[in-house]
Every structure is written in structure tokens, then in C-alpha cells.
Amino acid sequence: EAGQALFDELIARDSRIEPRDWMPEGYRKTLIRQISQHAHSEIIGMQPESNWITRAPSLKRKAILMAKVQDEAGHGLYLYSAAQTLGITREEMMDQLITGRARYSSIFNYLTPTWADMGAIGWLVDGAAICNQVPLCRCSYGPYGRAMVRICKEESFHQRQGFEILLELMQGTEEQREMAQDAVNRWYWPSLMMFGPPDDESPNSAQSMAWNIKRFSNDELRQRFVGMLVPQSEVLGVTLPDPALRWNEETGQYDMSEIDWDEFNEVLAGRGPANAERIRRRREAHDDGAWVREAAAAYAAKQAARQAEVA
Amino acid sequence: EAGQALFDELIARDSRIEPRDWMPEGYRKTLIRQISQHAHSEIIGMQPESNWITRAPSLKRKAILMAKVQDEAGHGLYLYSAAQTLGITREEMMDQLITGRARYSSIFNYLTPTWADMGAIGWLVDGAAICNQVPLCRCSYGPYGRAMVRICKEESFHQRQGFEILLELMQGTEEQREMAQDAVNRWYWPSLMMFGPPDDESPNSAQSMAWNIKRFSNDELRQRFVGMLVPQSEVLGVTLPDPALRWNEETGQYDMSEIDWDEFNEVLAGRGPANAERIRRRREAHDDGAWVREAAAAYAAKQAARQAEVA
Amino acid sequence: SPEVAEYALRLGDDALILAQQLGMWIARAPELEEDVALGNIALDLIGHARSLLHYAGTASGRSEDDLAYWRDEPEWRNAWLFEQPNGDFAHTIARQLAASVYLFELYGALMESTDPTLAAIAAKAVKEVDYHRDHATQWVLRLAGGTEESRRRMAVALNDTWPYVDELFHDDELVARLSDAGTAVLPSSLRGPFQEIISAVLVEAELELPTGRTAFTASGGGREGRHTEHLGPLLAEMQVLARAHPGASW
Amino acid sequence: SPEVAEYALRLGDDALILAQQLGMWIARAPELEEDVALGNIALDLIGHARSLLHYAGTASGRSEDDLAYWRDEPEWRNAWLFEQPNGDFAHTIARQLAASVYLFELYGALMESTDPTLAAIAAKAVKEVDYHRDHATQWVLRLAGGTEESRRRMAVALNDTWPYVDELFHDDELVARLSDAGTAVLPSSLRGPFQEIISAVLVEAELELPTGRTAFTASGGGREGRHTEHLGPLLAEMQVLARAHPGASW
């Protein structure tokens, strides 16, 4: 048909698809799944960090952390909006999230037992997110790509803040240094898992790349991320917890140990440290807020009716 | 009438009136008011102490404090039961409490900013309560008098525990001693106010004494209390915060400074430190628990219906 | 001077304790827009608190963090309103209404302070609390005019919050001296304008201030370091990490 | 021995953290009878905790209070179930059901321990947790068979609580060695009896264990000092006063 042809042409020219353009059902579904999952990750991702807002050890850090978690709520809002342009409502997406029918990034099923986790999440998790997301700024679907531009700017700010938290700790007391190293030990591998399974086990990637949604393979992005971490870890003075990690001149890549995909799959299957907690808390916030949302809707309806009367 | 005559005779003989006996409406009303007020005081009185359960500084003290607050719930239960024998339901009484139509002892409108308050409440507030309550064991209304016997035993235990808390603090660090003296300073006068206004301004007392509900005047009980405190304060090493306090050989009484009844009246009028907090928290516990009580009632009704079917 | 420092401490503590409470809403708000809005308000308040505590500490050589993390409960100077718990969203909004209308009047007047630091802090803060005031007002209208349930909750929240309003307008010798000198704002002078704005909001919301037997007035005492039972646990959580590492920098 | 001490610490921490949580209900329970009942249960648990921590401390010369007040979060050994928040009354009851059935089986078996102290503590505790078990069971039946609302809440609470049950039955090298020696009870050996009793309660309540997409299993890690986000704030509050006065006696 004409729609398909135009779509194919736009993709071939690496142009943007916009909400009113015709698009294949698979493209729409893939994007809805990916964008809503991305939005959910922002929302669920607020939890491990909000855990330390009340206990942040200085007012400056408290303010920075609050601002960061709040930014994540903002990112969630952009992304839900982008997904809504594809014909799904925020309510449907929220319902999918709290009933466990939609995924979010598995990394947020880990816990944040110490303040240093605020540094490690910023440095490693936001760092990995940026590597994943920068190419998404050129995603073929316009609203998603534009949302990513805005988000990536803030994410790199967050990553630097995480780095600074770790740097401050590494320059601090013995206990602070241990806290930082411990957090890096705990978050390093999960952050590498954020890029998804190895390329030879990532079945959906080819189609996403053909549609100009995805631009690089999982392993390419993972390599790029590690390449970024290594010099930064030296500045920090932390050890990346992979004894096999070293630059391989021949392959032009980093050699690294095997990733423990069993752990990844356990967490993905709902047996991680905080899957239950994350969903419970989101559901409680949603349920506890129902009367407020209903009130706001009722009030808006009354106001609209009143204005209609006047007009 | 015959009822009145029997009642008068029982009172004259200092016997007990029992629930099924005829009694004057005024007697019934006075008792309902006094017993429910007393019950409410136990229930509201749990709050200032429960404030320190989570923070008690040793496990032994935590256990003792929990047991004490729990005893108060038990006292509340006996007393509500006693009041129910006079023809009022617990629901009515609870409703009067949370809507501010029933009073409770004004002392519980003070706050407990430090651990030493756990000592001062035990020593001074429970001490004053005992002075008030021991004569009530002989109250002409049977169920009330019997409840008081049981309660007084536990109260004197509580008073000793409060004394021990203060003693431990007074034998502790400089900070602990200051904490203890500060708490005594704050609770001393309010505990004296617990006996009510001076005799010449206590209009209801005469009738209560005629009915053998009340046995001693407010001022008599207050003197007795101070007489008990003075030697104990010496053992503790705390100063009672009344520079005028001294034994007067001539009057055979303690001289003391004027009580600041303005403060008493302010608190009584709802302008104390914690009136709002006390009622709010009781109301919230009541409202939050409504669905549980409804469930228990519904379940009991279903069980009863099932048993009736079987029978 | 120590007196100005004490005054700045009162203002700073009000802002910090309120910010700490609002921060608890983040990732728990009724809708994402409110995670953002309450977060913004909390951030503004932390900003005010930092400026004020920094200024308060200069007199005694203490940093904002020395003051925030190393004072015990009796050394805190916030009014009781600010330490009242979040409760449900209606309680948070009722507290925000009282707090933001008060702070707007306060900072508006404090812009004229003869103390240039306080005047500058107030000039920045007044614009922000104007937004907080608008946020609270809009929510009072929505909740009062929304559903039966929301209206009921809003009325309960007003009833529970209003006992703590009176303390905001208590004068004492310190503020009397400082306001004579043109440095501080006399709290009692704000009561009239506060009441006027609140009345207008409540008229529009068709709500009334609490009356009757549960319309209490809490005695207050925060300015002298006496606090309700909510501050202790709040401070325990806020200060726990900093205190576990004396002398550490973050 | 240090190994027995570590084992006693696990048991003691479970009891103490649960007691601390139940203590928060006192003066807030749905009815006065429950203020009394939950208070009784909390008191029993504090009693168990004191005996166990006292015993755990003897190996290293530490008192029960040294252990309760001066350990940081990673030194705590309780399972995650016990640190889950009170939630509404249904959540507290769901946690009580799992905890008390587990503890009943545990102490019942531990009475046979070759360690006379543990055996004696267990012999006393088993009678008390039998009452706790009955209390929880009765409430599960009431809430499940009460109103629609209470049934819905009870089901949600089971769903939220059950992810933390699995950890109770995790074996590790320490308990394996100690149970070989007859000192400890192998956690995995309790799973069968636990499941049997729970099933019977749920059949009577016409409830089912969670299934479906939100039937998670939390990884656990409490025995190695890894904890959920609820323990830190709980400890901050519990320990704040004791830590403000190092060396003081109370």
C-alpha cells in the first residue's frame, strides 16, 4: 500500500515517523512496548534512590538527590506521553506495570543498602543508560527520539553527579572508601547486564535495527560502556570487579569475564532482591492516590461544565 | 419510692450498688461520666508513652514500657466494661472521645520530649493517679470499685518502674541527670493539677462524696501526694520545682506555691501542647481500624448463623 | 549577631523540616505530576534552608550541615506546623496551604529587612513560595470541589492542621527587638494578611475553618526548642548517616 | 562457640525486629483488644530476643544491648520477612501468619537441640508462638470471611508477604554444620510442615497462595547481612537514643 511505501521510504532515508503517519502494527507494538518499558524504568527507578532522600548526609547531596529523582519522574512523564501518541493510555500502562504485565529495567530490582549506592547508580546505571540511550535520540519514531534528546542531557548530568559522590567517598575516610568500592562491586555486573543478552541470543534486535529504532548491538554498546568506565575508574581509584578485564590490542576490544546470565535470569523471573518491593510500592502509591486523581477529574469536569454553561 | 430508700440505705451502710439495683439518674450520669473519662484517660494516656517504645534505650526498658502501655489498654477495657454496666456502649463512649464531647485527664495533653519523661510519668503521673484511685476502690458502685482494685495494683507497679527509671538516670551521666531533673520540672505541677481545682472551687465534689464515690477532697489528696513525693525525691536526688515547698509544723501540712490554674485552664480549654494530636491519633486509629472491626463483626455473624443452621 | 543568627535559624529550620517531609512524597505521590511538583517545592525549601542555615552558622562558625545534622531536638527552632506528619495527601495540602501563605507574607515583608542578607534571601524565596501558595490553593479547590470523599478528607485535614497555625504568629522578645531594629518581621503583624488570604481560599472552596469541640489550638513552643512527638523520629532518620561518620565529607 | 553465637544471633534478630514492628501498633490498633494482643506478642518476642541475644553475646563478651543498639545494618542477621513494614492490619496479620507458623516449627524442633541453652529457650518460646499462631490464624479467617473489603485486603497482604517466605528455608554451610552436630535446625527441613499448616489455614479461609505475574520470590540475604530498604530507617529510630549516650546505663 501507499502507507507502507511511504513508511519504508522514510526509514530508508533515516527520516522520522510521526504519530499521524501510517506505520506497521509490529513497529507500533514494538515501540509501545519499548517506550512504556522505558517509562516504567524511570518510575520504578525512582525507588532505589528515593530510599536515601531522607537520610542524605549533607543538605547539598539531599538537594541533588531530590532533583535527580524528580527528574526521573519528569522523564517518565515525557516517555508516557511519547507512548500515548501510539494509542495507549497512561492508565493502561500503569495498570500493566502494577499487575506485572509490563517490564521495567531489571537493574531496579537491586537494593541500595548504603549511601555509596547513590554514587554507583549514577556512575554505572546512568552511565549504561546513556550508552543505550544516546543512539535512541536518532530513533526513527519522532516523539521518542525527541524525548530522548531531552532525557540524555539530564542523564549525563546525573552520571557526573554519581561520579562525584564516589569521588568524594574515595577521597574520604577508610570507611567511606570501602563503602564506595563495595557499591561498585555490587553494581558493576548488573550494569553490564543492562545492555541485554549477548548478540547471538538477542532475537528481536535485527528487526529493531531494520526499523532504525536500535542502532547498535547489545555487545557493541556494552564494549563502549566498559571503554568509558575503565579510565574513569582509574580517576576514582576504584577497582572494577572483573579480574579478567583488560584491553586486547588484537581484537581492539576489552576482554572480560563471562557475565553470569543465570543471575540476570533469576532477577528477570521475579526472584531478585526487590521485585516484590518495587511493584508493591508502586501499587500502593497508585491505590493510595486514587481518591486524589478521582477528585481532580471530578473537579475538572465540574469546571468544564460550568464554563460550558457560561458560554 | 422503694428504690430510692434502698439506695439510700446501701449508701448509708457504705455498701455497694450493683448494676441491677435502682439508682438515681444523677448517680448513674455522674458515674458514666467519671468512669468513661477515666477509661478515656487510660487510652489517651497510652500515647505519650508509646512515643518511646520504638526508641527505648535498652531491651529491658523497651519490654517494661511495652508492658506498661499494654496494661493501660487493659485498664481501659475494664473501665469501659464497668461503664457499660450503666447502660452506655463502648461505641458511644469512643464516639464521644473522638468528637471531643468527652474529657480525659488533661495531663495527657503534655508531650514527652525525652526518655526521662517515661520516668516522670511513672513516678508523678501514676503516683498522683494512685492517690486519686486508691480511695475509689471503695467506691459505692461495685463494678467501678472492683475494677479499681485491679488497676491500683498495676499502677503502683508502674509507679515503681517510673521511680527506677529516674533513679537510674540520676545515678548516670551528667546529661542523664539533667534529663531527669528537667522531666521532673515539667511534670511536677501538672501532676499536682491532676487532683482538680482547690476544694472551694470544686462544686461537684460534695454530691460525689455524699454518694460515696469520692472519699477525700481534692486538696486532701494533693497534700497526701506531696507528702509521698518529698521523701522519694530525696532518695532520687531530684529537686521538686517549688521553692516554697516545706513542711509546716503548725498546720500539719506542706506549704506550697500557688498552682498556676491559668495554665490548667488553658490546657483544659484545648490549648495545651497535645490536645489536637491526642484526638487526631485516636480518631485515626479508630477510622483506620473500622474495616477490621466490621470484618470481625461480619465473620462472627456468619459463624453464628452457621451454628444456628446446624442446631 | 547571635540574635540575627537565632532568627535565621528559626526560618531555616521551618524550611528544612518541611522540605524533609515533602521529600518523603517523592516516588509515592498520587500522580507523577505531583512527584514533580512536590519535589520542586521541597527543592525550593531546601534552597531556602541552606541559605538561612549558612547565614545562621556564620555567627558561630558552624556550617549549614553542622546545624542540620549535629543539633539535637531541643536545639531545633522550627514551629510545630512544619513537623506535623504528611498524613494523606489532603493533610499535606492543608499544611502546604498554611505554610505557603505564611511564608509568602513573611518573605514579602522580610524583603524590606535592614539586614541585606535576609532581604536578599527573602527576595528570592518570595517568588518561589508564591508558586507553592498557588499549588496548595489549586489543590484545596480541587479536593474540596472534587468528590464527596475528597471533600470529607480535606475538611478533616483542615481540622487537624489548624491547631498549629496560631504558633506562627507568636511574638517574643527576640523578634520584638529585631523587628524594632528593622531586621525581622514581627510574626503577629502577619496574622491579618494571612487570615485574609486563607479566608478567600476557603470561601472559594466553600470550606470553613474548624469550629466546635475539636477545634484546638496547640500551645506551640518550637521557637524555644520544645517539639511535638513527630520531630524526634524525623531527626533520627535524617541525621543517622551523617552522625555515623563524624568529620566525614560527602 | 562463634558458630552457635551466629546462629543465636539470627534467631534473636528475627524476634527483635518483629517485636519492634509490632510495638508500633500499640495505641494504634483497630480495637483495644488488639492493642493488648499485639502488645503481648511483641513482649513474648522481646523476651525471646533477649534470651537469644544474651546467649549470642556471651561468645564475644557483648551484652544483649550491645548487640541490639550498636550493630550497624550489615551486621544484622534477621530474615527479610521480619523487617517488612506493618502495612495495614491485614499485612501485619499475613506477616504474623508466616512468622508464627515458621517459628512454631522451628522452636518445636529446636527443643531437641544438643545445646541446652537453645533447647531451653526453644521450650519456653514454642508455647508462646503457638498462641501467636492461633492469633494470626483466627484473624486470617476473620478477614478472609468478613467483608468484601477485608477479604480483598487479606488477599493483597498475602501476595505482598509471600515473596519473603522462601528465605526462611534457605540452608547455608553454617546451619548445615550446626544441624549435623545436632545444635541447630536445618531451615529446609521446616518447609514441609510449614506448608502443611499454611495450606490448612488457607483452605479454611478459602484463600490461595499468590500465583501469576506478581507472585515474586525475594532473593533474601538477611542471614549474610544484606537487607531490604526497610531495615535502615527502623534501626535509625530504634538505636538513636542509646547511641546518643555511649556507655550510659538505663
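Note that the chains are named A, B, C and D in the order they appear, and that numbering of residues resets to 1 at the start of each chain.
Following the convention adopted for this analysis, a residue touches a chain if its C-beta (ideal position, glycine included) is under 8 Å from a C-beta of that chain, and two chains touch if they have at least 3 such contacts.
As the structure is a prediction and not an experimental result, all values here were calculated from the model.
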Graph distance between chain A and chain C, where chains that touch are linked: 1
Between B-C and B-D, which chain pair is linked by more C-beta pairs in contact? B-D
Can you check how far apart chain A and chain D are, centre to centre, with Cα atoms defining each centre and the answer in Å? 35
Dist(centroid_CA(chain A), centroid_CA(chain B)) in Å evaluates to 57
Residue ranges of chain A touching at least 2 other chains are 54-55
Identify all positions of chain D at which a residue touches two or more other chains, and write them in rising order. 232-233, 236-237, 240
Contacting chain pairs, sorted by label, are A-C, A-D, B-C, B-D, C-D
Quick check on the complex: what are the chain D residues that touch chain B? 16, 20, 23-24, 26-36, 39-40, 42-43, 46-47, 49-50, 53, 64-65, 68-69, 88-89, 141-143, 145-147, 149-150, 153, 237-238, 240-242, 245, 247-250
Interfacial residue positions of chain D with respect to chain A in the complex: 73-74, 160, 163-164, 212-221, 226-229, 232-233, 236
Taking the complex as given, what residues does chain B use to touch chain C? 47-48, 51, 54-55, 99-101, 111-113, 266-267, 270-277, 279-280
Contact residues on chain B for chain D in the complex? 43, 46-47, 50, 53-63, 66-67, 69-70, 73-74, 76-77, 80, 115, 165, 168-169, 172-173, 175-176, 281, 284-285, 288-300, 302
Which residues, counting only chain D, touch chain C once they are in their complex? 72, 232-233, 236-237, 240, 243-244
